[in-house]
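Some structures to go through are shown next.
Shared between the two complexes below is chain A, which pairs with chain B and chain C, respectively.
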Partner chain A sequence: MKNKVQITKLQMITFLIQTQIGVAFLSLPYEIHQIAKGDSWISLLLTGLFMEILVLFYLILCSRFPNQDLFQILHSMFGNAIGKGITFLYMGYFLFTGATILVLFVHILKRWMLPYTPAWVILFLMASVGIYIAIDNLKVIARFYFIATFALLVFLFITPVAFKDENIHYILPIGQSGLMNILKGASNVTLAWQGIEFILLISPFVLASGREKFKAATLANIFITFFYSFLTFVCLIYFNNEVMKLLPQPVLYLLKSFSFKIIERPDLFIISLWIILVGTSFISYLYGASLAGTFLIKRWPRKAWVYLSAFTCFVFALFFNGENEIEKVTKTATYSGYIFFMAIPVFLLLLSFLFKKRSKGEVNAEHY
Partner chain B sequence: MRNIIKRFIVLTTIPFLLSGCWDQRLLKEQKLILLIGYDKGHNGKIISNTDYPISKGVQNNSASTTKSTILTTEGETALDTLLHADLNISEKIDISKAQVVLFGEEMARQGLYKELDHIYRNPKGALGAKVAIIEGKARDAVRIKQEEANLNGQYYDEYLKSGEATGFFTNYNVQSVCPLLLKHTKDPLLPLLKISPERHRARSIGMALFNNEKMTGKLNVSESKMFLLLNGEKKQKVSFLLNTNNQDSQKEFIVIEILNNRQKTKLSVKNEAVTSILSSKLQYRITEYPKDQLTNPILLKKLNKTIQKRLTKKAEKTIAKLQAANCDGFGIEEEIRVHHHQLWKEKYKNADIKNIPIKAKLDLELINSGIIN
Partner chain C sequence: MKQTSDFEDKNGQPSTKDVATFDARIEYIKNSFVNTEDLLMLPVSYNSRKGFVIYIATISDSEKIQESILFPLIKFGELNAADIPYTAETQDKITLQESVKALLKGNAVVIFNGLDEIFSFNTMKEISRNLKEPDSEKTVRGSHVGFVENLSTNIGLIRKGIESRHLKINYHQIGEYTNTQIALVYIEGICNPALVKRLEERIQTLSIDMTFSPGYLEELLEDQPFSPFPHLLYTERPDRAIAQLMEGRIILLSEGSSDALALPVSFFSFFQTSDDYNTRIITGSFFRFLRVVCFLLSLLLPSLYIAVIGFHFEIIPKEILVLVKSSVENIPFPPLIEAMVMAFTIELIREAGIRLPTPIGQTIGIVGGLIIGDAIVSAGLVSNIMVIVIALTAISSFTVASYEMSNTVRILTFPIMLSAATFGFAGIIFSLMFIVGHLCKLESLGTPYFTPIAPFNLQGMKDAIIRFPIWLLKDRPRELHVKNKKRLNQPRRWEKNEK
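Showing the complex of A and B:
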């Protein structure tokens, strides 16, 4: 291939970070606090450790099929019919996750910033931004993600303001909620790591050896783990147990209680940056869904699939945004995550070991 | 050419999409409320007093003056009173810029959380607003005719800030007081003010003691300072006036200023019973001593001892008052929960602070006596 789209290691790191850190992290401390209480931050570190094992599995799988993405691996393992069937399921999963992101996004935005704006306007804007970037190739997307990473750093620099009014007693004694609850909490927040499966999609395009890819993926995972744990830690020492129960978006609430000389309401400022982070996750899922689409029907260009995917997500989010439905949608997303980014890839790896399948075929970069 | 037309169409349609916003709040359509005071009304109703600025425009070449206007309304809940207030105002009411929330004493004795709930719930709520308790009615405080600031809201804001800086008050705002109102392991203390209407001034008379969200007692000013010392506040430089004569009848006054404060809360457990010791190492300087005998080292030592005795006595009195009001301002229960978790679960969960012995141990060290001896 002449114009093969390739991205660098750094772009791979930012791509993974941006895909994984999205809509969920504002409410992450709340979700995990319901189970693990003051030890939530330990739970998150444990989840990160677990995800690291998953990263290892992914990269072993990738090194066995160095030039193929997930769908091509599926194809060469299961043959045409079953491979395409699973690819179709993956497309559904990507679309569903993308729609979940939109649903949660509108939900939080309407709560915090735009209570009177109709949902469809917000959705429409988000979907059009998603289309605008997702129709470009991976390189362009990765470059955009790199720039967007600066939005993430702002979170790390602003939230420590809370240390001013902290009370470390809230998280002491460490281990108060018991090992079982810590583990249970750890298994419950995997949704926040959703997007890790994109390692399998972008790995053939990264300009690096297998070992370097593993390093990059590990770095991304470490960053995400510490980012989540840090935010949760700050929330835990600022709010106590009773208050945490009341705040579904503790990160925003934390910032709302401060005001600076220049920025009177930092929470609004932070929401605007958060929109970028949500956008990047959404774009990734559009990209993933369109990739699966082009694999299914090769005649259609990827552009068409992006439009179709965005439209599907938009329509879905338009109809499922009631208070009760959101809970169901999030739950389904978590459980489908178990299947699609844990069960299937691990199963694939085992099968490839079992049948000694590996491939050195060329990547089909026609559409990317 | 086609490209230009295409671009032109896009450029002309975008402005139509941009204009029109559902969530705009124009300043000209809002009345910003800066000060709210809640009082108890009849039959469990709530009376709220709101203060908002109106511009009087330019007069006689001077800068445009703003004046406070006050509105009093009654309702079933805190937000209800504000909705009633909305009926009386020409523009829409907006409390997102409130600087101070005041509570009448009667209201505070019933609990604060109910009245603050609507602020916590509102995405625009003013979480940074300060909270203070008024001895008497909050109405008088809102209606005060002070001359130090343009607006009454500003006046109280500055007032409370300076009170914190000089060391009369704890530094709580609507948000930071929330955990303490809800939680049972530590209790808040809030500034207590009194209004003297004939002198057009507010006066700080100490702090209000709370048990969870209900006000249960009062500390006077010097006890409030003592509380802050025992609680380990470092930023505030607190001054005390003490009588150094051992007989109370004769008076030899001294004013000291505490410069450094190293505070520790220790718990000693014997037979599953916790005794708490609040120990403070204080370094002070003498800022006034009219008797002037500070050249003699033996006398200085004696003086230091007397000061220590007097301050310890004051500390004990403060602690006794806190215990009488069942106000765990030091967070003793929290310390027990952290350091003796099992014991806390078995015995001290929601325990009355009355039943936990608290001792004060003060160590004083003279640093200097000003620029003369």
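Showing the complex of A and C:
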């Protein structure tokens, strides 16, 4: 393997951050506020903690199969037929998530920025950017994600402007909504962490020891958790309970209310940067789906699978972007997430302990 | 002589015997050069043996022929290359076939009746101009010497700058007809040998009838010819070439061209100038930063303006709104057409002025810039603000240190303007994603193009967007995988001593 594709730890961190922070976070404070009210930010911290346990599970699994990605692990655990079956399901899951991203993206973009542009044009643009970058190897994707991370920092720098009009009483007393609601809220926003399963896909290509990979994944998770909690916190102390119920994208409303001397509507700039974040998540799912595809039919190059995946997502998003369907699609995505990034990997880990399975195989890098 | 040349094969002559005689040899050379009229044959005789001094008049120096051939013939009565000290490349005893090649290089060949040996002397005419400062890369401080069109002079300039026995030069011939000599210059012990090997393999497999400019070489050797971004750095300055060599890059020089090509280079190499290092740290950094900002400005300014006017009017604060409105209100065209017309006019002025003699070029600039700019606004075709925007864009595109890169920026502005006019800010972001994605994909000779940003490299950032103090630039660029990584060990050691 002369040209084996490898990425650095830093690239792994930015890859995970970019994959997970995507379309959902603009409406995240609204979603969670419906359940956990003023304590939403605590819920998010709890979810982050829970995800950290998941990260630990993932990396134990990875260290038992250091040179294999998820699909190869499935293959060596369950044999050819079942392994390929589950891989196929994963491909479906990646495609579905990619399509969900597109659906939500078009929905928000049409509402905030391009009300008169037909949906298919926006979808087409996103799909073509997705193809252009996902078609290349992991190294190129990781490089792109690193640059995209700068867009994320803008959010962190611009939202604290809200502190000048804050009212801390909105979130007091802490614990007002009760432990049950906090926990329920925590379990409801796992969609925002979707993408964490990519640890299992990219781990064999990271130039680091298992311990370092764990550190990197943890750092990414900490960043994401604090990013979400911070944004939600800012929204909570800026808008009161009644207002929060009316704002489906509180982060954007928050930014809309600011005005600077030279820019009257910073939200328009911010939503443009958000397009990049959505793009990176979408690219990841295209990459994941195409990876699964190449594992299923080895004769087809990954390129073909990227085209196919992008086309599938495009068509799906074209037909299911009505108001009612969006809710259904989001729900399904959340539930399928439970299965695919929680249940199956944990189950895999347990099985590997049970049957004392470990890998000896070499990573198959020809397609990447 | 067992070899046969193409010429003989074609005529099917039984070569060896015929060519062996004196007359046949003369005939052979004459025929080889298709009886061209600048092939001169000077009859000489020595020891009553008849002979000829043969040379091509247009590329040989007649003074050298006199000094190195005719004088010794008279003085010693015998022709011996060893007696002639000042012709370094003198060879004696070459084959008939080699003599043709020697003649083409400007050598003189001497053949005697009854002697088997053919003598060849270096009598090449030096066709070269004086060293002067290159017009395309002027600097305020530092060296003002530029490369010329002579390969050996250029290599000499580099050798003068790097007095090291590790400086290595590999010659190659390209072009089946032109036989252009190119030189691959690198420093053994710094440069990554894998890069050299890869480049040499590429050069050796080139098969083309001619090359007259480094543009040919660039297009034949680079990885992605269709990319809008330049992959090779042109420089006419020996000091810049030397700096590139010292960083572990390879320099390509070719005969007849005053440009050196440095490779593999990264995106930020195009923003560096030798002046950055000749000015103080803070000013140098400021200039570098200015160039990078100007790059972004010229890439995005017109499209931002188009997007704001066409889509996001609400982004403009009230105070400025009145100004913009009064300027844009009566313009009959959409902002895209305005911008396209103006940007196109700027390109016209540039293209019209570039090849004209300087005084006329200036006139064009005045007519184009002042008269058209003023008239187009007072005629009400283009708004005031659009003229300002496009003029700023053009000027900032020219601040980019490399001519190639500034062309790239101006070309890229057009598609971004188009997408901004169609999708507003979203269009700008999508086109930026394509461009950045493309930059991430690019690799030149296997080294990533957009480093030190992606893949990120903290050491490399020291010389990218701003220039760090020279004593902090300790390592050579990491992406080149150089053999000798450390650039300096203890600069400013005197600080310790003086404490």
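Keep in mind that, in the parts below, the second predicted complex is superposed on the first by the 368 of 368 C-alpha atoms of A that agree within 3 Å, B and C clash if a C-alpha of one lies under 4 Å from a C-alpha of the other, contacts with A are read in each partner's own complex, and residues count from 1 in each chain.
Assume a contact is a pair of C-beta atoms (placed from the backbone, for glycine too) under 8 Å apart; a residue touches a chain by one contact, two chains touch by 3 or more.
Fair warning: this is a prediction, and the values are worked out from it, not measured in the lab.
*Asks:* Give one of first, second, both or neither to describe whether A:F146 is in contact with chain B, with chain C, with both, or with none.
*Replies:* A:F146 sits against chain C, while chain B stays out of touch.
*Asks:* In the superposed arrangement, which partner chain does A:S257 touch: chain B (first), chain C (second), both, or neither?
*Replies:* The first partner, chain B, only.
*Asks:* Now for A:M113: first (chain B), second (chain C), both, or neither, which partner does it touch?
*Replies:* A:M113: touches chain B and chain C.
*Asks:* Would you mind checking which one, chain B or chain C, touches more residues on chain A?
*Replies:* C
*Asks:* Go through the superposed model and pick first if A:G279 touches only chain B, second if only chain C, both, or neither.
*Replies:* second
*Asks:* Touching A:F269, do we find chain B (first), chain C (second), both, or neither?
*Replies:* A:F269: touches chain C, not chain B.
*Asks:* For A:N240, decide between first (touching chain B), second (touching chain C), both and neither.
*Replies:* Once the two structures are laid over each other on A, A:N240 reaches chain B alone.
*Asks:* Does the superposition put A:Q34 against chain B (first), chain C (second), both, or neither?
*Replies:* After superposing on A, A:Q34 lies clear of both chain B and chain C.
*Asks:* Find the residues of chain A that appear in the contact set with chain B and again in the contact set with chain C.
*Replies:* 113-114, 117, 121, 259
*Asks:* Can you list the chain A residues touching chain C in their complex?
*Replies:* Going through chain A, the ones touching chain C are 8, 10-11, 109, 113-114, 117, 121-122, 125-126, 129, 132-133, 136, 139-140, 142-144, 146-147, 259, 261-265, 268-269, 271-273, 275-276, 279.
*Asks:* Could you please specify the touching residues of chain C with respect to chain A in the complex?
*Replies:* Interface residues on chain C, with respect to chain A: 312, 314-318, 320, 423-426, 428-430, 433-434, 436-438, 440-441, 448, 450, 453-456.
*Asks:* Okay, in this complex, where on chain B does chain A touch?
*Replies:* 21-23, 120, 123, 125, 127-128, 173, 175-176, 178-179, 182-183, 331, 334-335, 337-339, 341
*Asks:* Contact residues on chain A for chain B in the complex?
*Replies:* 111-118, 121, 165, 167, 169, 172-173, 176, 239-243, 246, 256-259
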